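I am attaching a structure below and will ask some questions about it afterwards.
Which chain is which? They are A, B, C and D, in the order written, and residues in each are numbered from 1.
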Amino acid sequence: MLKGLSRAGLGEIGNDEQFIELASKYGFQTVDVDAKGVIAHFGGAAQALEFLQQKEVTIGSIGLSVDWRSTDELFLAGLSGLVVDAEAAVALGCTRCCTYVLPSVDMNAAHFMVLATKRLRLCAQILGAFGIRLGLEFVGPHHLRTQWKNPFIWSMEDTLDWIDAIGEPNVGLLFDSYHWYTNGSNVADIEKLRADQIVHVHINDAPDVPIAEVMDGERLFTGEGVIDLAGFLRGLHAINYLGPVAQEILAPAATDSPEELVARSQAGFTKVFKAAGLE
Amino acid sequence: MLKGLSRAGLGEIGNDEQFIELASKYGFQTVDVDAKGVIAHFGGAAQALEFLQQKEVTIGSIGLSVDWRSTDELFLAGLSGLVVDAEAAVALGCTRCCTYVLPSVDMNAAHFMVLATKRLRLCAQILGAFGIRLGLEFVGPHHLRTQWKNPFIWSMEDTLDWIDAIGEPNVGLLFDSYHWYTNGSNVADIEKLRADQIVHVHINDAPDVPIAEVMDGERLFTGEGVIDLAGFLRGLHAINYLGPVAQEILAPAATDSPEELVARSQAGFTKVFKAAGLE
Amino acid sequence: MLKGLSRAGLGEIGNDEQFIELASKYGFQTVDVDAKGVIAHFGGAAQALEFLQQKEVTIGSIGLSVDWRSTDELFLAGLSGLVVDAEAAVALGCTRCCTYVLPSVDMNAAHFMVLATKRLRLCAQILGAFGIRLGLEFVGPHHLRTQWKNPFIWSMEDTLDWIDAIGEPNVGLLFDSYHWYTNGSNVADIEKLRADQIVHVHINDAPDVPIAEVMDGERLFTGEGVIDLAGFLRGLHAINYLGPVAQEILAPAATDSPEELVARSQAGFTKVFKAAGLE
Amino acid sequence: MLKGLSRAGLGEIGNDEQFIELASKYGFQTVDVDAKGVIAHFGGAAQALEFLQQKEVTIGSIGLSVDWRSTDELFLAGLSGLVVDAEAAVALGCTRCCTYVLPSVDMNAAHFMVLATKRLRLCAQILGAFGIRLGLEFVGPHHLRTQWKNPFIWSMEDTLDWIDAIGEPNVGLLFDSYHWYTNGSNVADIEKLRADQIVHVHINDAPDVPIAEVMDGERLFTGEGVIDLAGFLRGLHAINYLGPVAQEILAPAATDSPEELVARSQAGFTKVFKAAGLE
């Protein structure tokens, strides 16, 4: 597995160059960024790639920029941007693109599922032509399941069924420790997966409150909470998952400096990877 | 368009031979039956086909026998039967297979949509190999929208979106005058359709009660109620729909004899086709 | 059916505005152009649309701009342009995009079929999201069947099989009278089609030489050769084809003025439509 | 990886029970058989499963029984059998079904590719509903590339492109050492694969003749020829392939007893697995 960082939770970490620099300095192997922005920053894909290679960092995943959650018009308007994103990702060797799925919706849930299936299938088809996989992140916190009018889906099992219904070979899970935890899942649930069903992994920790009260935006740094992250990593290792495990801390702004936060992240990763017997 | 009959509402009309006989006698061109059963009754496809040709009747549509609404186990257990049904339909020249979609469900609606999409897609794929189209009937009566825990879909528009999401070229609507009426739709809504989006048509009438109070199982014979069936037929004619228009009367058992009921059906068809300027 | 024009065979007919002007003046209802270019010429989709509406002309079809015949790199490089083309087509109310299929290839034919299937499927998927259909034109002239190393496909039947294999609901035929003729097909072959299998129609005529010697680039104006174009139109009418029938004259440059050529086209159309009993 | 046997090359090895018995006795973990036949032999799936579990043998793969190479009629006639096969496979815990692809065809190669794509896609869709993967075996021997009129495909790369064009998530390679060898491929070619692209593996050896002269039906027992089977296994191990490696010896009938041949197979497997550092 590859240790990875996203910007979430790291404060004002600066531009992509500064972000990659810090990630590299503290031993992270992947960063989740906008590939197009990285290329723009460095004035070209070749220059960006050279910097990444020098820092021994690759891009773990880009985000799905197209708006697949509202109108057909907005969705279609985003397709040309999706092609540009895919071109940029490929140019930097990135093969993952991810989006999250909220567990409730205001629309009729069945109709929203129909629209989401159609739209994400097309995104997957376009990304697939570029050799990029699409990762769908189920979102577990209980408060979000009733935040909008109608329940949608939030479990690993339902999301795997959905991936089947989408029907494209390059779609899989973005598997996040927080959503695994808030679904009340265990290591055996991970071991039921095949590695190729997972596109990307997020890691972060939860405070010691009842699972039903865990808030989506109050995540803790890796290893600083109560989630069995050693078990989480052991499960992923057991099924031969070899991709990135990227930290994503959705939480109120921290007061430490970005560098302190990245160093703290490194320490957290070291702790849980050691506990998992993986270093 | 072809005038058609299903057994619904015609009482104890007897075996398939008797049903086809009566349909033919009263000027109907298609019957909705189980093709496999017809072949069994006549002791072979050739004999069945000979009788059908002699009576100038074709099979409008078979029903989808596989259970796509409950467990994966039951669904899979029905697939071999589906192949047999398709073989029988093809042997008798039938190119339509239909099922209805209830407007509410007990399961999580989004997850049910996922499962239904996967399962009906496979049915469509199998049927498609045999040159058979799959028609999905949206169901409009308001009381059914809340009969089970969660709302599903019940409109023409949502069903067309769903057909897109299923993504197979041979899937279309089973378009029923009752569900068109209980959706509060009009002739212009029909004229937005292309004929190739319609696999099959059901016709029947509704009592003079507020639309929101129309009950699914209290349908009237064609031309005996308040639905603008002349407009319904004019709309279908305007878009060049050329397939069957089959009567389906879901209602408490009638006391008349089957032959009286078929004769009454013929009179109703004549009335509304004339009103539509179609005979 | 709608009478249509493409630029092919009309000499130096000028910019899109001049082309549309002339088409309109001589009673043509559709033009095949690059929608993006039309919008650019008029300085906006609204202005272009206003001009088209004023001239009572719509856009019959755009061409498929992406290169699906050579390398993956070139294909992928064309995808962002395809999205732009689709956006432009939709903005002008055009719902067709077409490409032709050469009947022989230098590559291994089976492998080329695999690549073409994958690539055209993605094009269809993208176009489909915009409500645009993709028309595939089989190409009949015998000399082209051996022009490159390996035979590919050139018949209506094989192309329909291919469309099935592509598997997207919005793919159909571009049906050209020249290729129908050079395949030795007849009116009964047209009557086997359903209208929804045809995306677009080309019309033009052939010189009086043996079919096996008809050259692709020596086409005649509509009604000036030996193809049974009255039968061709009657067949299309019989199956309720309602879309454009656009002239495409691939031939050595004519010496007449564009306006003379458009007038001559109008006369040819009138002749064959009358012969078909269609005006 | 699991050591596996097929009947090919083992002489008159008897019924499935005797075959499984011998496979088990000589340390093989999987057998390739007709699951339906095994169930029939034991008088039920439960009894068959009990025997398999007692012998510590699982079913590696069933063969694809449907005829996808000739007419639509024959193909459709085989679909009900495919469903029965899939049900039987699932009942015995088998998740693989395989077929081979001849490298030349009498039909137009492009049209055959179209038909094969449509048909194998439907097979994959049906198998996929049962959780079974479909493995396609490319066939490398040079003499077969010209045995029929038109070249088809025979390389790993082309077959992977084809799998993409088929477009179903559960299709992958049946990877056979003989075809890898006769394609002139090396270990690096294996290392380009992902494990999830491989459904099943065949192993067997080739005589010491020029690659272009290797005959399909003159295969040698594992470890008795010149193929770098240690490299072959190392490559598969390097990409984390964990499925069966089943011996398939297409060769003239051997004179030894089946038990001698299975014992010789065991010795050959031991030799090459040891050489690969895998035991």
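By our rule, contacts are C-beta pairs under 8 Å (C-beta built on N, C-alpha and C of every residue); 3 or more make two chains touch, one makes a residue touch a chain.
Here the structure is a predicted model, which means the values were calculated and not measured.
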{"item": "B-C or B-D, whichever has more C-beta pairs in contact", "value": "B-D"}
{"item": "Turn needed to bring chain A onto chain D - CA fit, degrees, nearest 5", "value": "180"}
{"item": "Fraction-based call for chain C against chain A, same above half, different below", "value": "same"}
{"item": "Length of the line joining the C-alpha centres of chain B and chain C, rounded to whole Å", "value": "37"}
{"item": "Distance from chain D to chain B - Cα centre to Cα centre, in angstrom", "value": "45"}
{"item": "Contacts with 2+ other chains: residues of chain D", "value": "118, 164, 167"}
{"item": "Chain-level touch network, classified as line, ring, star, complete or other", "value": "complete"}
{"item": "Complex interface listing, chain B residues touching chain C", "value": "164, 167-169, 194-196, 240, 242"}
{"item": "Parts of chain D lying in touch with chain C, wherever the complex brings them together", "value": "108-115, 117-118, 121, 150-153, 158, 161-162, 164-165, 167"}
{"item": "Footprint of chain B on chain D - complex, ascending", "value": "75-76, 79-80, 83-84, 87, 90, 118, 122, 125-126, 129-130"}
